[in-house]
């Protein structure tokens, strides 16, 4: 992987909700293969930025360029095709379906098998094989038939990430993957993310509150504060950065 | 020709006024509570029938105009407290099914209580007869509606935008949780809003009684019309209800006059046009 | 799964043998149950599978019925042609109405389907010269079936019953296949979480539209089976009171089981049989039953029945 190739570029993005300016002229570049993280105190605009990148919101100003192509304003379902995927902070999965079925949905959508109306799903063996690989990677193989609503919170979050991974995206946005997890579950997620970033071609972009996670996996950190990009750099640089310290009131950064 | 156009416009605005009252109730209930009241047209119909009943008992339209909306409002309140309340936090589908169920119940109830035939109500003596408008006789009662409409609209606007209570209701419509955390008793607010919306429907019905034939299909027609109005204006929007209703009324009136054969299709053509060009409605929120 | 398959075969056998041991009254009743059951199954593709509550589904049922009636009355068409006409007309209407109705969210969908459904009702009710208005279309002969050059009369209740049974079983099988396809699973994802489905790459509007059209087609098929059976096509076939029937049937029988609505149709007719003994005001009871179900058995309406894998009975 050419480490210098820019995979995502956010150019001067601002986002206003009526009178409230959630994002102010944010510019950043993500490089292919680099595990990047977005941090910032509550209300900094992290999720809003994710929503703009992933097509949920249209920026009031500015552009989002993915692999050389402008994507701002494109509907979310188009982005998966292009290779951009995201997971959600609040678990956003298919509660009534089993773990395997959840992943199959993602795979069917990605491989455009939704056009198949009369051929039974069981006949699409390749989808099941891919699902099995994913399930192994996530460590959920034995639980594949369990309705997701019956899973533990930590396992639900795994499915959450799994859904986003299923399309083997070029860029994966992870919105607080460890939100609400206990230390044990967080450890599991950290090692999963580390493993995946080594095994897969995917570039990861993470946002987190848990600094331990960020410093365990990130190659590059972007700091957002009150809608503006405050600082960016390698983890050690960010740790030393005065402005960042101030923004967090000396609390969160370990 | 000019007179014809103006008279037709007056007819349109008159219809628009009635529609506005009903749509206002529908959109307020939706805006604040997130409930789409399928039974709203049936409440309007009940308002008309109760006015009829009041006329039969007391021979006084004004009494009917006072009592009917109140009765319908109370009925609405009862429905909200006893039934709707139980399913607020549940899936949307349940709420739709419930109000639809009440549509079925109320429509049939009307048929049982008053029979399947049509009735008419005369306008009160004060408003009976015609006046000369642009050289033509125009029903006084319709003029009354025409004046009443904007008056009620103004009163509602003043209520929602100039009083403290009104602002609370609007705030709750925008963000229920925020309103709750600011100390607003949301369940009580819901009950009052449902009463208010139902009262408006009943008022619309009572006012419509001297204008239209009162029959068991009244509710059907008006609920479709008010659905179209709120789609045009934007569901949950107060100005949308007004503008949407006026647009509907004008198109309808001009339609009856100029293209009577297809005038029934016009509301649906309008609806399709809005859905294709500006789905959220004129005043609805853009995503 | 095995048990359900076995049960299904037993029921099918019972249905096949039914005319041999029950009087004509029941043959007629079960013909109606089967046809309405298909109507309800088509509705449930939208409701139980895609999570969309349509209050105007009867429009497609009625349009199918009128198309079939026209063809039989004016052209002496056989059932095959009549059903084809029903499917085409209903399908075309569903393409149009579906496109408009899925543009926004589920609340608008409910409103719009009610509105458009009643639009078709009004059209059929008012256009006397073509549709006969409130009198509907009547005076057409017995339905016939042209097979291998022979014209078979389906006038006898038992013959029509077997014909309807065959069509309904065949259609149900097709619908079942659709629910078990990848398309079917995506519909479930739309029911569960349309937003997430979009972020997985599903064009939500398009899939909802497809589901709507398929549902409309099968409803039209059911309608085209019904009007020859009833020897009449009337505007009430398109009214929202008719649209309420598949809603109730699906809920009564279980919207989460594939054959739930079919069972619900049977329950529905059973209830109607009992209630109409006391009163002609059937709607008020339907409404009351619906209220009771919503308040006391909401899980029964929405809850998932434990099932293994991608299966729904």
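The letters A, B and C name the chains in turn, as written, and every chain counts its residues from 1.
Quick note on the criterion: contacts are C-beta pairs under 8 Å (C-beta built on N, C-alpha and C of every residue); 3 or more make two chains touch, one makes a residue touch a chain.
The structure presented is a predicted model; accordingly, all values stated were derived computationally and were not measured.
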{"item": "Farthest chain relative to chain C (centres taken as mean CA coordinates)", "value": "A"}
{"item": "Chain closest to the middle [Cα centroid of all protein chains]", "value": "C"}
{"item": "Mean-CA-position distance for chain B and chain A (Å)", "value": "47"}
{"item": "Distance between the centres, which are taken as Cα means, of chain C and chain B, whole angstrom", "value": "33"}
{"item": "Interchain centroid distance [CA atoms averaged], chain A/chain C, Å", "value": "43"}
{"item": "Residue ranges of chain C in contact with chain B within the complex", "value": "51, 53, 55, 100, 103-104, 106-108, 110-112, 114-116, 118-119, 122-123, 126, 240-241, 244, 247, 251, 281-284, 286-288, 290-291, 294-295, 298, 301-302"}
{"item": "Touching residues on chain B, where the partner in the complex is chain C", "value": "30, 36, 38, 83, 86-87, 90-94, 96-98, 100-105, 107-109, 111-112, 220, 223-224, 227-228, 230-231, 235, 264-265, 268, 271-272, 275-276, 279-280"}
{"item": "Residues of chain A defined as touching chain C within the complex", "value": "54, 75-77, 79-81, 85-86, 88, 92-98, 100-101, 104-106, 108-110, 113-122, 124, 127, 145, 147, 163-164, 166-167"}
{"item": "Contacting residues of chain C [partner chain A, same complex]", "value": "174, 177-178, 180-186, 188-189, 191-193, 195-204, 207, 304, 306, 308-310"}
